[in-house]
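First comes the structure, then the notes that go with it.
Naming follows writing order (A, B, C, D and E), and every chain is counted from residue 1.
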Amino acid sequence: MSRLYEGLLEALRLIISFDPDLLTIVLLSLRVSITAILLATLIGVPIGTLLGLKEEKKTGFFNKIIFTFMGMPPVVAGLIIFLILSRQGPLGVLGLLYTPSAMIIAQVFLASPIVIGLTMVGIRAKGGEIEETARSLGAGSALAAWTVVKESRYAILGAVITGFSRVVAEVGAVMIVGGNIEGHTRVMTTAIVLETRKGNFELAIGLGIILLMISFIVNSVLYTIQKGGKKN
Amino acid sequence: AEEGAPVEEPVEEETTPEEEVELIDDFIILATTTSTYDSGLLDFLNPIFTEQTGLEVRVVSQGTGAALETGRSGDADVLLVHDRGSELQGVEDGYFVDRYDVMYNDFIFVGPAEDPAGVGGVTTAAEAMSLIADSGAIFVSRGDDSGTHRMELRLWEAAGIDPAGESWYESIGQGMGDTINHANERLGYTLTDRGTYVSMKDSIDLVIALEGDPVLFNQYGVMAVNPELHEGIKYEYAMMYVEFLMSEEGQNLINSYQVNGETLFFPGYGLE
Amino acid sequence: MKAVRKIYDEEVLYINELILTKGCIYGVIGPSGAGKSTLLRIINMLTDQSSGEILYNGEPAPKNGLGKLTLQRNMALVFQKTLLFKDTVWNNIAYGLKARGFNKKEIEIRVNSLLDQIGMTELASRRAETLSGGEAQRVAIARAVAFEPEILLLDEPTANLDPGNIELIEEMIIKMARDKAITVIMVTHNVFQAKRIADQVIFINQGKIVEMGPTEKIFSKPDNESTRLFVEGKMVY
Amino acid sequence: MSRLYEGLLEALRLIISFDPDLLTIVLLSLRVSITAILLATLIGVPIGTLLGLKEEKKTGFFNKIIFTFMGMPPVVAGLIIFLILSRQGPLGVLGLLYTPSAMIIAQVFLASPIVIGLTMVGIRAKGGEIEETARSLGAGSALAAWTVVKESRYAILGAVITGFSRVVAEVGAVMIVGGNIEGHTRVMTTAIVLETRKGNFELAIGLGIILLMISFIVNSVLYTIQKGGKKN
Amino acid sequence: MKAVRKIYDEEVLYINELILTKGCIYGVIGPSGAGKSTLLRIINMLTDQSSGEILYNGEPAPKNGLGKLTLQRNMALVFQKTLLFKDTVWNNIAYGLKARGFNKKEIEIRVNSLLDQIGMTELASRRAETLSGGEAQRVAIARAVAFEPEILLLDEPTANLDPGNIELIEEMIIKMARDKAITVIMVTHNVFQAKRIADQVIFINQGKIVEMGPTEKIFSKPDNESTRLFVEGKMVY
């Protein structure tokens, strides 16, 4: 009981005093996951929009693949990227293993299907109608597609945020490809595992609180967006 | 856990004045066993090396087996591990070069203060292990193919016991710190290097159950990854790290590192 | 002005010949699932016909590219289910004008005049999402006529509206067709509505044009027995 | 390259020959995650249905909490359960840490909010209407609620499957509270991390393939259900 | 038979007094948003009135418990938006009978007879999800009348149907009301429909009962000017 309590107190002290160790880890986590989600957005939104505008029957095969990849276990993603980036792997010469870049790649690999899939579902809900309405008013292909994206902005934003919340919270992939190197590839989730194992519960709890707060904020935003999106 | 500090100031004055070397803005990857990392030794040594050379040392802490594998596949530049046999084998096979015996300490058995297996009176590892096996008290094994794990397996074999699959034998596949914590939670015994145990002593209830058997000697080696095997291996920088550890200064630093008033690692080769 | 021949789409629409004249108001009636909406979609080139050919001004319609876009831009379709963009009322009405690259001033003039016509000047900057059903329907029609298409395709533009709103919209359509000589093709399941505003009535059943003729004739002495049953509300299917 | 290829071959051999090590791990994984999801269903469906039938405004606070817990990082869940079950924690006397029970508890903790949240969303979509229709036909409270659950079966099944796919793939919580004990608490995800670290890529890849297959099957089912659900 | 007084719900419905007589067909008309559906929901006790009291047979309605359920079971409401259960047509129609614990034989007799009446005997084991709009609407009505409620509440039961189906359903309703002396309260935005089948017409606007009287009178010489405008389709709002 006391360990829980003391850990919590100390954790709050670390957070309030902007403990540099904690700050480094949190900032790296955010940098990696935000970069990953931005890349995943660049990849996922166009693909998702394209697929969403196609008839469901025609993309049936893609759908299944994407939905499978959406549920890809982080450790499997980590393993795959590890095998590719390791010096014996096809991209070994780049020397990316155990760098933040490797973690970003793994997270892009995890987040892109989520962004693609949810964008696709969101667009499919009304995208066809929107596209036809735009075309019936004289829009060419480009304007029609842009109108679809604009009208589906809530769904797309929701897809991106869901992707972010998934990657910032995962530990399997970053653990395997990042190597959990202090000050270099140690992020919140790997640090929590490490510090728990070392018995440094203060830092673990402190990071846990921050991760929960991020999760809370992200989910609140998502919730507000989805409510807003439904209303319209 | 409380981080210790060296008792005597390291003798660094003799090297720094004449070496006005340009700092290198690069890094090396050190694959090492969790014991050197979890004990805090590297957190003490590496900043000094970085200050002198500019080279950042990125530590990937794994079991020795995993660290050797990481080295063999060229994903690290330099290794600091403790399984002499496989290290030498790796050198012979051409994966590694320039291996040195860098430091040593010893393994100890730790267990709950109540000593449910009654190991208290015995003096050899084999006896202790028989008692543990017979009493059915929990024994936590690293199970991660690390140097400690390999040592443990050799000890079981020497004691003529095959613990695999026994309900009291918990093989967890994790680092030294995890394993000690695990044993602490489960009120079990485990084999650990002295360094990690001492560094964690304050946050756990486990006590030393057996120490001093010559078979428990624990030698660490440092070596560089053979640059001819893969592209991109930073052999030159790796050798700077090896030389740093093997230098008089490095050896002194290792000797000076203490936690809770105890020296954890002793420089050089210890069994002659 | 336009000749449509032999359209076939998944067996839901099979038309041998359909010739539409400029400036006429056509009322398309028929039971649910007859293929009325499909006909409009094919005319608007949102769906390709499975076989057969459509001629606009005697020319076969190009299947894609700029030619198709140009043709499409001569038409406007108001869907059965109103879909306004999540934007202001003003921007909704301006959409087609912007797509055609009208200049800013011209857009302002036209949109403001339309807002006035549909009595919604005060709601110009309201978000379209917040409009009532009747208001949304009026905006959808205003949006379609803003760029003065030659052919206006309307799919049940007054379903679910109350009589007051129906009247307003019917007046708008008739005025438009008369003033600008727009060809209007209006699908409705309400035979009385067809009776009120159409010059010509097309009765479709099970994908086929059963009968087509002047409104007067269709309602007083149709050639076909099923047409008679339908317009008298006696057709059960 | 060759390592990838050889690993894959050997992995397939392990799978086809029902390698006992692999089998033990896979079976334990399934046992833990299926037990956890069954418990989460028992907890989540009634609560989710109840909340789903309440007006959204009235459950606003709950919604946010549930959505936050839905996105709870596995490592944080693991840390919390660890602190509770550890010998120094409030439930330490039970001696549950490092047992399959601990993993089940952590996964129930992770999956319940998902089941609650998605059930709630699913019910909210049409539950009110269904309830009113049932009542207008003379159903009492119990029959009305049962009708709502029955009519929302696709949404509920989807919620359960999503929960399952999330917990079977996570590594953070089971690693911390299970301890990865060979033959006892070692599941697919923790084994993949360990074997990758040890360089035993065959076993890691083999488990990765199985995990991916499970993910594929689960997602295919989910996809079919959601398509079925939407159609109606 | 029933007296409803002073109902108030979020300012959308404010009724001073409304007395309904047994066996009568009431047509409730009024523009969109007038509060027509809300009135039905309050009568069916799906929503509580914010203030005021509802009397059934002169007794105040119990707010909950078995008393409420018993009262509710005397009524049936067919919603504006049809919702059939994802089950067979047969089970849908049997739902209310099962809820009331009718015995198996009785259920079979009634359901089969109703299936016959709505001409859907062959579709008895079809999944309700696969029905067309008109079929679904017919099933919804059959489901509501299966247990022979004393009061049948209908919310736009023929919106979106074609004339043939409308006629069929109107006939069904009239027959039901006459044969079983059921009180029918039917909301419709279609004034002609009210004219066709109602004995009494209630015109609601902005939550208030503007006028109520015999259908004849409301359509020929209503007391109120806005009633006249509305039934003549001239009311614009």
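We adopt the following convention: a contact is a pair of C-beta atoms (placed from the backbone, for glycine too) under 8 Å apart; a residue touches a chain by one contact, two chains touch by 3 or more.
In this text the structure is predicted, and so the values were computed from the model without any measurement.
Participant: According to the touch definition, list the chains common to the neighbour sets of chain A and chain E.
Facilitator: Where chain A and chain E share a partner, that partner set is C, D.
Participant: Sort the other chains by how far their Cα centres are from that of chain E and give me the top one.
Facilitator: B
Participant: Tell me, please, which chain's centre (mean of its C-alpha atoms) is farthest from the centre of chain D?
Facilitator: C
Participant: Return the distance between the CA-based centres of chain C and chain D, expressed in whole Å.
Facilitator: Their C-alpha centroids are separated by 51 Å.
Participant: In angstrom, rounded to a whole number, how far apart do the mean CA points of chain A and chain B lie?
Facilitator: Chain centres of chain A and chain B, defined by C-alpha means, are spaced 36 Å apart.
Participant: Averaging over Cα atoms per chain, report the distance between chain B and chain C in Å.
Facilitator: From the centre of chain B to the centre of chain C is 81 Å.
Participant: How many angstrom lie between the centres of chain A and chain D, each centre taken as the mean Cα position?
Facilitator: 19
Participant: Can you list the residues of chain B that touch 2 or more other chains?
Facilitator: Within chain B, the residues that touch at least two other chains are 73, 174, 178.
Participant: Which chain E residues sit where two or more other chains touch them?
Facilitator: Touching at least two other chains: none.
Participant: Residues of chain D that contact two or more other chains, please.
Facilitator: In chain D, residues 3, 86, 197 touch at least two other chains, as defined above.
Participant: Among the chains present, which pairs are found to touch?
Facilitator: So, checking each combination of chains, I get A-B, A-C, A-D, B-D, C-E, D-E as the touching pairs.
Participant: Over in the complex, which chain D residues touch chain B? Could you list them?
Facilitator: 3, 86-87, 97-98, 179-184, 186, 190-191, 194, 197-199
Participant: So in the complex, which bits of chain A are touching chain C?
Facilitator: 126, 129-130, 132-140, 143, 147, 150-151, 153, 231-232
Participant: Using the touch definition from the top, list the residues of chain C that touch chain A in their complex.
Facilitator: Residues of chain C touching chain A: 41, 44, 46, 69, 72-73, 75-79, 81, 83, 85-86, 95-96, 99-100, 129, 143-144, 147, 153.
Participant: Report the residues of chain D in contact with chain A in the complex, numbered from low to high.
Facilitator: 1-4, 7, 56, 63-64, 67-68, 70-76, 78-80, 82-84, 86, 88-90, 165, 168-172, 175-176, 188-189, 192-193, 196-197, 201, 204-205, 208, 211-212, 215-216, 218-220, 222-223, 227
Participant: Please name which positions on chain B make contact with chain A in the complex.
Facilitator: 1, 27, 29, 38, 43, 56, 58-61, 73-75, 174-175, 177-178, 181, 200, 203-204, 230-232
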